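Next up: the structures, one after another.
Look for chain A in each of the two complexes below; its partner is chain B in the first and chain C in the second.
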Partner chain A sequence: MDPHVTDPSAPLKGKPSKKAERQLAREGKQQIISFVFMIFLTSIAFLTVASDTIPNRFAIPFILIIAAVQVIMQLYYFMHLNERGNGWTNIMLWTGFFVAALTVATLMLLIGVTKY
Partner chain B sequence: MAEAVKHEQTLPSHPEKATLEGKNKFLGFWFFLGGETVLFASLFGTYLGLRNGVADGPTSQDLFHLDLVFIMTMILLTSSLTSVFAMINMKKGNFKGLIIWMWATVFLGACFLGFEIYEFIVYVDYGLGFTTSAFASSFYTLVGTHGGHVLFGILWISTLLIRYRKAGITLTNAPKFYVASLYWHFIDVVWVFIFTVVYLMGV
Partner chain C sequence: MSNAQAQKSVLWDWLTTVDHKKIGIMYLVAGGFFFALGGLEAILMRIQLMFPNFDFVTAQTFNELLTMHGTTMIFLAAMPLLFGFMNYIVPLQIGARDVAFPFLNSLGFWLFLFGGVLLNLSWFLGGAPDAGWTAYVPLSSEYSGTGIDYYVLGLQISGLGTLIAGINFLVTIINMRAPGMSMMRMPLFTWSSFVASALILFAFPALTVGLLLLMLERLFGATYFAVDVGGNVVIWQHLFWIFGHPEVYILILPAFGIFSEVLSTFSKKRLFGYSAMVFATLIIGFLGFMVWAHHMFTVGIGPVANAIFAVATMAIAVPTGIKIFNWLFTMWGGRIQFTTANLFAIAFIPSFVMGGVTGIMLATSAANYQFHDTYFVVAHFHYVIIGGVVFGLFSGAFYWWPRMFGYKLNETLGKWFFWLFLFGFHLTFFVQHFIGLMGMPRRVASYLPGQGIDELNFVSTMGAFLMSVAFILLVVNVIVSVKNKSEADPWDGRTLEWAIPTPTPEYNFAQTPLVRELDALWYEKTHGNGKIKAAEPLDDIHMPNGSILPIFMSLGLFLASFGLIYQVHPVTIIGLAITLGAMFIRSIKEDHGYHIHKEDIKKEEGVG
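After this line comes the complex of A and B, so read on.
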């Protein structure tokens, strides 16, 4: 087709290629597995806090690690950061996280600690 | 003259990134999400710094109930999955599937927002006004900003769904739906930290 008449508002017809379909099926399976895993991790985090036998000293770092694992699964499997050609998106997001970590630490120390 | 001619096009394997505009939207949106991360970080930092400053008001131990938060978390996590299903259907060229799963996402988002409004009403009744204490202000600002994002996401996705209800999947709207679903996942990412840092660590 002549590229000059390409109409971006025309409905796309047809099916994805066999290769793309297989890829999508694999992706879908990974996403369902990560969803089940995230539900599992969330339940673990709630149970850890709800039970009285687990001391806070252990529970708080544990649920923070669980949250980090969940977020990474969400980012890489649900938001497709694991696909090829996502170098810049990864850089932008991790720069954001880097600045975010500094911001949280700074604010906690500046306004959280009573100095006078 | 040209606009009357609608050439049918075959479905590319990534309709959301098939045009330069789509690619730019995708990249620009991740840039925006990097900035949003820092916005929420400043609110989290403020909350963590001020959460013990309860003055004479109720403390987080008095207020938080894990069961409500658990239900809200499950709703939002499921809505993340429905928007993933919508994107798979879009890549398969199944427009109906895209629309249905996106509406499911909007519905679950609205349920979540309903629970959050209910939660805030209960807290206000309990005596936690916005200016009651440093804890109250930083809590309402952090969780309320997240709720505002949920509301914005609901309005955004509904607008797209109504605007393109009969359009089919096109090279114009595929990037728009894709970016909206990324935004929705980001809302869920923020909520994971909120339920951990605010609720689980505050009970």
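After this line comes the complex of A and C, so read on.
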């Protein structure tokens, strides 16, 4: 019997198939591209703060947006949420995010002195 | 791994069990006890309100009664009773041998029980909580006694149990379905339990946070809600209702699931519009998160905010209406059997619609200023909770009793129970609409004579007595019917749970079933030989070992709560040490479970 049924962390035996090899190569390329892209995003964020010409009222939302992009890339490319079999994880993650965002946004709007 | 479990005493077996069926029964017993307790509190309140200026209980006791009635009924009766059915039935309906995490299942139950006991001990230790089940600040943070500490910590502990149970059901339903049981072949009770569990997962954290803030405020002098140092009391209301509104759907959705099963079984028809029912359930769950501020229309959050929440609330009537019509069309042209279970399901439809109509009235935010905090609100939510949830629980009890306990409840006594309860319920709460419209506020300990509400209050109390008599009849029924042995499939059922021999073996299915269609058993009855096909050869079955640790984990938190309430911190530390120690033992102790051999299974199943 395949040892991975009882112990998923058991070491792989033998050579991977041609298909698995191609898959690994493709994933490796994807990971390097997204890694470079994320370094690029990080340096943009740094430049935004470092440069005096960019006003804060633009810099803060801009950095927040690229931070969100980075989190999503991290989840989908490095933590493999984009692979098959993660449907439920995705549904639960985004539902939770949606509920939390709705709650926070409403509280920010509704508990202040201003009435809407 | 040992081959078979050693014979143990019955008590030890129940205390350590991780079997979803036994835990389900324990949920039912504990929930039934708290249901009776909450009912008793209701009766005491109704006696106090029977006559104007009556002196049956003091105003303080009345406040404690109304708080404990609401808290007990929601957290310690309705939810555990539903969990009882979910625990017992959901794994059977999806063809699983147990829930995904049997140990956590047991932990969830014991946390709930210890939390509930803690809450109720407040009656004997300085007075029960008295700020309403909503425990609005600053009443609960600055003007209440130790009762509120019991409320905060008791609910925190039992809420932890609920959250654990909810996650367990989610994982079970996603991962443990039998071959062929796709999501769109799941029975509707399983579907609605699934959506309710998702609501638990997303709604309970709001309650946890709210209770934590209140605990820090009361026990450690924090000032989140203290206005004079920049706090804000409305935060509590938001947090409470962000949890509290989904909570209503956590209660009603599994009940909807029960009605769907019962109506389809006793109409001898497939559920009308199955996919629309699933879709409506999901929509209700989704919208349930966007309407909480309709509990706060009169707080003063502003006209635009009120209007948005009013419209969102009314939108929920659409998927609910879809469900009502689907139930009606399920019965349409069916061969309807008027068993007690089905009587409750049929009576549910008009009763719940009445609660829905007053719900739309209350959702009209301008009119809500008139209805707010009157008996009209009390009438509305009792129509929804009793007419929906409690009818669902009784219907489910009569329907699944043969499966769970191996005997059928007496139908004659059951019908007496049904009619008495139905009349008692409408007598109690229908008049309360008018009491409310005439201006009687809710949560008051007494009222003055000559305002035109004396007779109506008297009628309402008579209805409450009728409901108590009905409940006693149910208890009598449970006892006298014991000899009324039932076969495995007494109702000519449609779903997998009726394919198992009775009493249900502890491994549920000797062979994992193969599901070929929605209503799996009915499909085999009409297209096959009436027996569910097996998806695997008969083999040894792996079972989890029981454990006493869940009780110790819960007991530790229970002790720590006393330490916190009375600020005796050595006790707090000892309690937490017990809990963490039990968790440590659980982590390092290897436990592989045991096997039931196929020879023993053959013997028990009576084959080979």
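Rule of thumb we're sticking to: the second predicted complex is superposed on the first by the 87 of 116 C-alpha atoms of A that agree within 3 Å, B and C clash if a C-alpha of one lies under 4 Å from a C-alpha of the other, contacts with A are read in each partner's own complex, and residues count from 1 in each chain.
Heads up, the rule we're going with is that contacts are C-beta pairs under 8 Å (C-beta built on N, C-alpha and C of every residue); 3 or more make two chains touch, one makes a residue touch a chain.
Note that the structure is predicted; figures quoted are calculated from it, not measured.
K.L.:
Which partner, chain B or chain C, is in contact with more residues of chain A?
P.N.:
B
K.L.:
A:60 contacts which: chain B (first), chain C (second), both, neither?
P.N.:
first
K.L.:
When the two structures are overlaid on chain A, which partner does A:15 contact: first (chain B), second (chain C), both, or neither?
P.N.:
first
K.L.:
Regarding the shared-chain residue A:27, is it in contact with chain B (first), chain C (second), both, or neither?
P.N.:
first
K.L.:
Per the contact definition in the header, classify A:88: touching chain B only (first), chain C only (second), both, or neither.
P.N.:
After superposing on A, A:88 lies in contact with both chain B and chain C.
K.L.:
Between chain B (first) and chain C (second), which, if any, makes contact with A:101: first, second, both or neither?
P.N.:
A:101: touches chain B, not chain C.
K.L.:
Is A:44 in contact with chain B, with chain C, with both, or with neither (first, second, both, neither)?
P.N.:
neither
K.L.:
Looking at chain A, which of its residues have contacts with both chain B and chain C?
P.N.:
88, 92, 95-96, 99, 103, 106-107, 109-111
K.L.:
So in the complex, which bits of chain C are touching chain A?
P.N.:
For chain C paired with chain A, touching residues are 170, 174, 198, 201-202, 206, 232, 234-235, 238, 242, 289-290, 293, 300-305.
K.L.:
If we count contacts the way the header does, which residues on chain A are in touch with chain C in the complex?
P.N.:
For chain A paired with chain C, touching residues are 88, 92, 95-96, 99, 102-103, 106-107, 109-111, 115-116.
K.L.:
Per the contact definition, I'd like the list of chain A residues that touch chain B in the complex.
P.N.:
1, 5-17, 19-21, 23-24, 27-28, 31-32, 35, 38-39, 42, 45-46, 48-50, 60, 63-64, 66-67, 70-71, 74-75, 78-79, 88-89, 92-93, 95-97, 99-101, 103-112
K.L.:
Okay, in this complex, where on chain B does chain A touch?
P.N.:
Per the touch definition, chain B meets chain A at residues 2, 5-13, 15, 19, 21, 26-27, 30-31, 33-38, 40-42, 44-46, 48-50, 52, 66, 70, 73-74, 77, 80-81, 84, 88, 91-93, 95, 167-172, 174, 182, 185-186, 188-189, 192-193, 195-197, 200-201, 203.
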